[in-house]
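Structure first, then comments.
Letters A, B, C and D mark the chains as written, and numbering starts fresh at 1 in each.
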């Protein structure tokens, strides 16, 4: 699974390959990662270097890493979340019809709205399942649901239009 | 010696005193508030009695109850530790009336030094240099003070006459803001000490806060155990103490020591006490106040002198002569103390409470940790945030700093945030290493995020750690979702959705 | 100094060495077995590399792998600690061949002292008194030994020439049992050191085991740091060490110290080493063997001399001169060490394994705990049962004993049984307090349940505690039963019973 | 609830009155009893005296109390158990009919044997519930079940005969 971690204003591409390997940027690294005594204290041995840190979760995707007496705030997103954010952030002018597209391939779990229904900005208009997780797709603005092009249970391609909002 | 000693305190200092008593073969009596049933001093003591609810006023400040307990338990002495009742002459007197030895100075000495204005007057007579300020005894009205202020000159400090630890202390840079500051200072002093009296003192800039440890017995012997450098403070709270002071030399130590002894003699002092001085850039020193009790940072002196100050307190209180003469006192190496507080250095040092779930103490050569907490113990908001003192010794100051860095790096406390990262950053700061700091350094010229090159070096590791933990969390929640799916298939579930939303 | 040091060990001594390196600004490399991924030395080191499976032969004894790792990691020195590869001259030589500094003596010195028979021959030449026994170098057949035995006289000891720590050691009281004991001794020595050679030594009765710490640099300077009294042993395993020895005086110390230095010089010794002596009732002393490495109990000497022996080892290995001359060595106060083992003193000291669920370290003045374990760490059966060393210092031996009692009482380790109660009983025994003990005391004249009056005093409290816990358990299980009842009523259940049993 | 604790060859009558009070012999004591950090480490304050001990359970009713560096083995029985033991121990000659009596008042939960059935020594022949706990009553010797005088669901008085074993 691929993640984008932002630490000290630098973006790091971190891919979790398996239990023992990760790729950072284009470097394949052998890692040995363990939680100590079931505490939020983690021991990381990466290519022989041994590190221990407190890792606390902040809001959303923000983590606080206390390492060697310094605090590093780190934002971690996986690609899905990044796309979701992109999808959500796509700004648009009023009135103009907006086509909600699938940010990733997946299974339509639910369309909790019906055609003609008016929705608020941020209201959930579709639930899409992918990577064994269900992701709520929100309306980028207030409006009315136009045509709904998919039904629950259907699988959709990335970028396939799910419904439109007038 | 005493048969049984009641320890009228809590936390690390109560534990420290119990240890000294035990090593001298004395039974110990602990007192505790409802919040402290599981506290270490209760677990370690031979006897333990409940004082009352968590708030200090209803528990650790209830001198009457404490004396009753001492009587009931048959304790022949009471050690007040620091804070709480340690500098209350009425409590010391009440102990005497109850025929219980108060392990500390005579009530008269506490009173004389406890009232800061009177203390100034007393030591002036003894020829001890003081910071310019209101020379006359307290009870001054705001008008009096506002009148005197310009003569002293700004900036100046408002200080509580009954005060200590910066409570009721205000810094005044001009006459306009002074009335408001007087008001808040008096209010704070009133609530902290039940005495709203304040006095004024010139603010010495670029000053160091250096104190001298004195010991006096009932036979007129008074000695000093050298200095402790306490300039590293935040909001008048000491954070780090060290001895020797980076600016000290034998000559100045001898001079300040002699003056400290004189100040103690001026109030006919007995037992352990500390004279606090302000030392300006030209190494002129001024008497600030005397702490008529055991000091938090006494362990720093214990490390470099090899003397067990608390054990010596107990012997003195029993009427013994001092075990040492001044010329037997040797200073060996350097010691540093870091006060470990349950507060978040990354969030304006706000206190952090909660249950300690895990802890790993630094140990090994030259390392001492005095603490009152342990894994499973709950840090409550009722008392001081200081949960431990980390003290190290080294043959040289440089070695002590390296050892302190090592120890801080090893120290793990999970469950509450601590200021350990603050200390780690401080120990790495060139100013501290160079010994170039004053009482304003921490607040005005110290930053938690210096050492950029260091941060760059570890930014990537931090990124990896955060990602690995985040991934773990994701996997975990994903599994929960999967389990959920086994119960009710998505199709049923979607059906429900549709019913709801049609 | 060295840039990076590999620590070829585990547990408390690996942690101890990492601390010294860190305080000298050296990077550290840990090696670990599959059982030790979570071990403290792995957590504390800057780098860590897996050696192999848990058994020592496949991990901590794999000198070849360790040297490869040192090369790969770019370590310029290896510290072997004690045990494992510490006294393997071939390993020391391999380090030298790999251009890596071995922090210890030259291979030739290790070899000379490692072979006990050769060692005896060597020191005899240097005029060092030894215990009568087989003077000639090893490789003796059982027949040879059976022939020599009567000349030496019984009782005598069979000792492994490659040995140490009592492995391959047997006590022989008559010629009849000797063949069998020779057999088992050789077998044990073979498996422990890969060398089944043994030699004979007269058994000195009522003897004390006293060792002298020596330090030697590459410039021909050799000094001693006084003695450690190690007579308190069980099955030739030291349990308690102290310095000074209760029987020592300056004159004897000077004599033994001089002889120890001579013995070290006899093998052209460099770095830290220890000469073990047997001291009989008339205070005649005999060379036993030399441990050519850091000793478990080195911290006792660190406490009374103020010298950081491990840091000094690192300096010496780098080619530095000793930091001290003999006449700069001062002995201050008294120090005692208790070895805390995971074993049950109430069940014939059988080793106890398991996960440590809770731990509370004694701290405060004059207390040092060196340990490699922490809450959550699993004690495996693969390695030495020693999980911690508790060392205390006091101005006098009496104070040190009182402090040790205090510290032992505070120490809590939950999850495995420990021998702390053994130490507590020992510290209370009049024989120990009087310093009247020899190497047989623990096994032959010490009992875990003396002090009857004490037991009577606490029998009732124990009864209350057991009852309260038992009651709590009963209540808990009762609740479980009650919950059970809610699910299926007794009646249904009884119906089932009847069906089954009709 | 009343217990008999045997420590150092001395019997102590310990009655748990409530959370804060126990009676030892005829002395009423105020106790403050707490487990530390959820460990088998217990803090006991009794009339002001503060004790801390490890308390481990051994077999059956035997406890090991590690107090002030000394180990105290303590056997703890409640009256019920003592009666049960008495009932169980009541030795008897072969052949002679044995009447199993209820050691305490309670509810017959089960009679897992039937008349004429042969039983082993120590085999459970009745289950009696009292004080919210179910207690198995065992046959004191091998034999044959004679008359069964009670049925499951019946409540019985102390000393009431439940069944006989020939």
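Everything below uses one rule, namely that a contact is a pair of C-beta atoms (placed from the backbone, for glycine too) under 8 Å apart; a residue touches a chain by one contact, two chains touch by 3 or more.
Bear in mind the structure is a predicted one, so any value in this text is a computation, not a measurement.
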Once the contact rule is applied, which chains count as partners of both chain B and chain C? A, D
By the contact definition above, name the pair with the higher C-beta contact count: A-B or A-C. A-B
Could you tell me the distance, in whole angstrom, between the mean C-alpha positions of chain A and chain D? 60
If you average the CA atoms of chain A and of chain B, how many Å lie between those two points? 47
What is the distance in Å between the mean C-alpha positions of chain A and chain C? 54
The distance between the C-alpha centres of chain B and chain D, rounded to whole Å, is 54
Check each residue of chain C and list the ones that touch at least two other chains. 358, 374-376, 409
Taking each residue of chain A in turn, which ones touch at least two of the other chains? 37, 39, 49
Give the pairs of chains that touch; include all such pairs. A-B, A-C, B-C, B-D, C-D
Please name which positions on chain C make contact with chain D in the complex. 346, 357-358, 408-409, 412, 414, 420-421, 424-425, 428, 448-449, 451, 454-456, 458-471, 473-474, 477-478, 481-482, 490-491, 493-494, 497-498, 500-502
Residues of chain D that touch chain C when the two form their complex: 1, 3, 5-8, 10, 12, 14, 16, 22, 24, 29, 31, 33, 37, 39-42, 44, 46, 49, 51, 53-55, 57, 61, 63-72, 74, 76, 78, 107, 109-114, 127, 129, 131-134, 152-153
For chain A, which residues count as touching chain C in their complex? 32, 34, 36-39, 43, 45, 48-50, 52
For the complex, which residues does chain C have touching chain A? 29-30, 37-38, 42-43, 45-50, 72-73, 374-377
Residue positions on chain B within touch of chain C in the complex are 15-16, 19, 22-25, 44, 299, 302, 306, 308, 332-333, 358, 360-361, 363-371, 374-376, 395, 399, 402-403, 405-406, 409-410
